[in-house]
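In what follows, structures are represented as structure tokens.
You will see chain A twice below: alongside chain B first, and alongside chain C after that.
The block that comes next holds the complex of A and B.
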């Protein structure tokens, strides 16, 4: 059944096959990131401000999993509200990776670190995460799992606690591309409760544009991603991947995505701006944590809820709320928020220019260079996972660097999947027993080309 | 009608549970709120001032103005106020008449509903984590009707923005509004003296036009009720109810006209069924911005594309016509005083409370909230097709000005009477008049009957005769028992000279007193029972009656006969009508006889 996942995806939904399983997931256990609401288990987004919060309703994606026979095994720890790249910013304590270096635990990646570790340790068959700027792909790369971020708007966000809602995407972590695809096909439905869910008409247009899977892939290799921060271990695995693909007959094409350098900065303007808005609802009145004593202290001229929010949010969340409040302020919005939106549009144009497939959301292809690529392949992260000690020493800006390769696809809403790739032999010799032995290779496709991306990822996985 | 999340605490908010609270209707969110120890309680509905009372007050004001005793007392507090030019712009918020909220399927709360607090609340309205707005397309219809009624260009594409501020009446921490791209722009309304525009503003012309800069849709807030000293009840039933905000250009130059503009906009909205309730208490709220500059000079400020103005201040949250007028007067005088004393006007937000003589400073520029407007990424742009707008425009109910014009042209009413009858009792009196006119025309069965002549006649009866009875008996229009048929029958009888108009008035008064049940006699019955039918006197009868009266008043007769004082003829006619048996003497015939006898 699973082998035919793309056929089923094409049919629009998972069909029940003629084997004995009455439900596609047949009791498979799935962990849910703690920012996706469940009505039976608490949902806290790893924040004190939502401590003990149990949602009165269930997220659409959770409902779909249950309807298809999945068992919800647990809620997975994460960076508070999805803000972090190492899953260390949690009110519940940091997520522990299964890997160590010199006895010091490695970063599991973030923010869906708990979901990735749950899959990597076999505690569940698959897990849901959310990916705003790389939060599914980075933990996948750091834990040797597959992490898939579908096109924005395919999976319902109804019940997903917002961080940066124009970027937030439900993603899937699994041990293999096939498993991730199976979960994806169950969740890939229009949901009227999510106003950003792609309408059936758009889904129809995407399906109509879908080409037959090419025998040989035209693979884009962005020259702009060869940055000096790229570690030799990751570069080695990346080059090896590209060589093997070439050996299989796929063709490599140097492409330019010139806005890549600005993309990360734009992301760290836009995401905090949206966060400052989305997190305004957490005031302790209707749900969640509430500080003792008065909500406002007129004597000290504190604004309303200052104490509750001050005690309820962690440091990184507060940092991003403040950043976002500033970049949206009337004095700064033109220089930050508006500029960042322009960069975002340029990033999208970069991608539209290089892909062979037309962006189904646009009327016509801008620029329109002939002979575009089918997918783009890049490293997922520039380095191997740092140790948690190294993470502690990093400045926030250094920490943000982890997202440099994942953020562009997020800004453009594109499907992207991280597949584990063994490190080359030489480096593997150096790493001790407990250290990670893979890195992540990212496959990015045109908007709506999720199926193509997954099938290309399968090829990479099987190298 | 407060309700609410109950919270109280010393000088702050804290949880408070009310064990005597009534159980609300099953509703996931209210159950949810209760699980937080937030209870819902019922309370008494707020009072609203009926439109009729307002119209009465307005009529009184006009009367006083007509007498030349317009009590613009404050205008006279500053002896130099004539030397300053006042400029005012208005922002009006009104609740749309819709079945559900703007972004959820929770039922919209009618202003007069007594629904239990926090029972009309969808997940999104309570800002539960993971919820998203779902635009309810039907809410667009009343908004579009309003935009068309106010002559706006409906924009094909508009958008939704978040306006951020922390307050417990705003569960999401922001209000969704249309800041960057409103759905309607560039409208206008025309006002004439009948609308209450001050004479100086008209400056000799028939009417003035005030520009509408834009109209935007947005969410209403929750309702907060303060229970002293430190308890606040919050009712989310109203949270998310669709509002429109109407922003006029700063083209108003008197307090009286500002109130007239708001009144007129309200009437327009009402006539197209766009908004829920009247202005008084909550259904409609207005903010005004006020600036002054020396007459004949130009200021350095520009608002909404209108330049040359003085520094303005904003007065928030005015909820009655009187408040609008008085607050502007007070603020104008304050600004003049400051400027004349050599001071500078600060761009600030001020408040005004009913009965106050001065506006009070709420916050200055430095205390201004930065709303951090941001497009709402969850909501796609609003695309409005021109076919929809055309359809609504072609099916729009008649606007008040068109009604008044029709009353004048079709029924021969004066401008004043037409305006009055169209405005009174939600237009029901006009309906009554129109129906009566049709019946009278049918009764007369004369194709040649002049509709405007009959219209004017019926209009008089409805406004002045029936209106007079209402006033003296203190009965509301809704309780009037006289039917269109009855009035038509009375008027028909007068027209056919079967009864005198004096009799007719008595019949109307009689019917006005009778209950509308089966015992109610018809007009014909009343005429017959009272023997009121005009029985024409014979020629001899007239002569005999006239001769009697002449004999009794030789001096008067002499004055006519010898001195040619023809005016006294009518005195004799009057005597004849009075002395003749009820309803038997027709003045015209009586006059002929008197003139013949007195040889004039």
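The block that comes next holds the complex of A and C.
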């Protein structure tokens, strides 16, 4: 039976150090989100439909960690197939944050909530998560950890159970930017087994375009991220971060990313549509959970595999599959799915217009010219984490709003990292002992500018 | 990334700050104040520009999202290989959820996207990238070398099996994770018709 992180928390950290001291990770324990396959521990993506499933092979990212001396400590709980923002939609039971408000546990964020809590409690040195629309950055913001989503295609997805494959990215959770960067440099390799892995030619182009790290950063402040729902605690920490950066000599530039509002809607068309296709393979025939009795019951109006899928998938997964089936259906595909892909292009153009660096995936820069910014800095989430009781009261679409600041970078495939930032003194006095005392600040860079983003995040971390 | 010093342990809120500031930034700070004006960030962020809850369907009045009929819902569930609703109540709930989801996403329809090329996936779209992605004779060379022509009267092309690939496939027990099997076969049981 799989040892999940909360069992590990009781048993203490499992760090068998039979590794050579010269290896970069030297026995460091790393938790793996349960949608990344491991051949020695079961991989369920927190779904009943994969309950007790153990993969016959290992994900490339896991293989690379082991080769570099890491110890895989446990599989981390999550939202089923990555579908959720609070890690409450899991067949294994909800993930609880280490923080509380009035005695009620807070949301750890999702979907990589288990990975974030494992790092925040010191139960492992670092953890792998996956980020489709913010699933590494949001839990990092809610648990006071660092969460890094690299550029799409840099880290191999071979052995990562798909949710929405045009957006899915392996991400890293760690206690510091330096630790996240160390794990990233070990995993950042081309993998021929992943057809979406960035080819050596693109990696070469990115390396050739790399500029020397500027002494002072040009920082973009998108006015479109200043929404009504931004809480005073988060706004205060955000303003303070920007002011401190300005005091250090970095320059701030108001920018506009006008497609931000439609980005969230586009994401909730694209991700469920891809999910409805990607999850079609889970039918219980070749692996995973299978209902008792025949696979179809025509008398009860149950088509082939419907009973297995009905019992095997959780409610949010079924809701998204159904939405995806609709937006891909012949009468809706043009107005929803294709339109969302066009909006996705506009989101990419928004970013290309403001960044100083050329997008290495494209030939020409629209508009462009001088005066672009090096990085964009935003809050990671609009509010501090809600309690798990508050999450229960939310409707499915209300919880979608949480992803408003993380989804645009996912649509454009950009590197983005969430760094914990202390709340201002006044706010901190109001919050009680067990509550969170940090919020997440997000640093976003141009496609391929992962190193620049990490170095800028390091500056934010050290404020 | 050798410049990054590895350290562990959660950063204590608000500590370690001033000491870590590097000297280069304090000199840069003086240089900047002379040539570039400072952005009044509090003023810039004093007024929110929009509300994300504007994407939610109105609580009291009916949503103007497209109507999905009961018949359509049953068709979509069948396409998704998911069971139909147990009763009227469950069906009403499914329809209402779908309607609020569609309200949430219909914001994209307000955007003029005439002439915009859809972004289908993040891949190399440069001229060089498109050229590399083309399958020419060069890329096919190895595969074509595996082909041989069999037969005299009825000539046909046969592919020789690649032994390294075949070996990997043989090492993998394809049926190993199946719950039900008969001999070398997976089992799909169709159930009896009406």
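Throughout what follows, the second predicted complex is superposed on the first by the 442 of 463 C-alpha atoms of A that agree within 3 Å, B and C clash if a C-alpha of one lies under 4 Å from a C-alpha of the other, contacts with A are read in each partner's own complex, and residues count from 1 in each chain.
In the analysis below, a contact is a pair of C-beta atoms (placed from the backbone, for glycine too) under 8 Å apart; a residue touches a chain by one contact, two chains touch by 3 or more.
These figures come from a predicted structure and were not determined experimentally.
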item	value
First (chain B), second (chain C), both or neither touched by A:277	first
Touching partner for A:34 - first (chain B), second (chain C), both, neither	neither
First, second, both or neither for A:295, with chain B first and chain C second	both
First, second, both or neither for A:304, with chain B first and chain C second	both
First, second, both or neither for A:285, with chain B first and chain C second	both
Touching partner for A:79 - first (chain B), second (chain C), both, neither	neither
Residues of chain A touched, compared between chain B and chain C (which is higher)	C
Which superposed partner A:329 touches (first chain B, second chain C, both, neither)	both
A:194 touches, of chain B and chain C: first, second, both or neither?	first
Which superposed partner A:45 touches (first chain B, second chain C, both, neither)	first
Chain A residues contacted in one complex by chain B, in the other by chain C	53, 56-57, 166, 196, 276, 280, 283, 285-287, 290, 293-298, 303-305, 325, 329
Touching residues on chain A, where the partner in the complex is chain B	36-37, 43, 45, 50, 53, 55-57, 59, 157-162, 165-166, 192-196, 273-274, 276-277, 279-283, 285-287, 290, 293-298, 303-305, 325, 328-330, 333, 337
Contact footprint of chain A on chain C as seen in their complex	1, 3-11, 13-14, 16-17, 20-21, 24-32, 36, 38-39, 41-42, 44-45, 47-53, 55-57, 66, 68, 76-84, 94, 97-98, 100-111, 113, 116-129, 132, 172-174, 176-180, 186-194
Touching residues (chain side chain B, partner chain A) in the complex	5, 7, 9-15, 28-29, 31-33, 36, 38, 123, 126-135, 162, 164, 166-168, 171-174, 234, 370, 372-374, 377-380
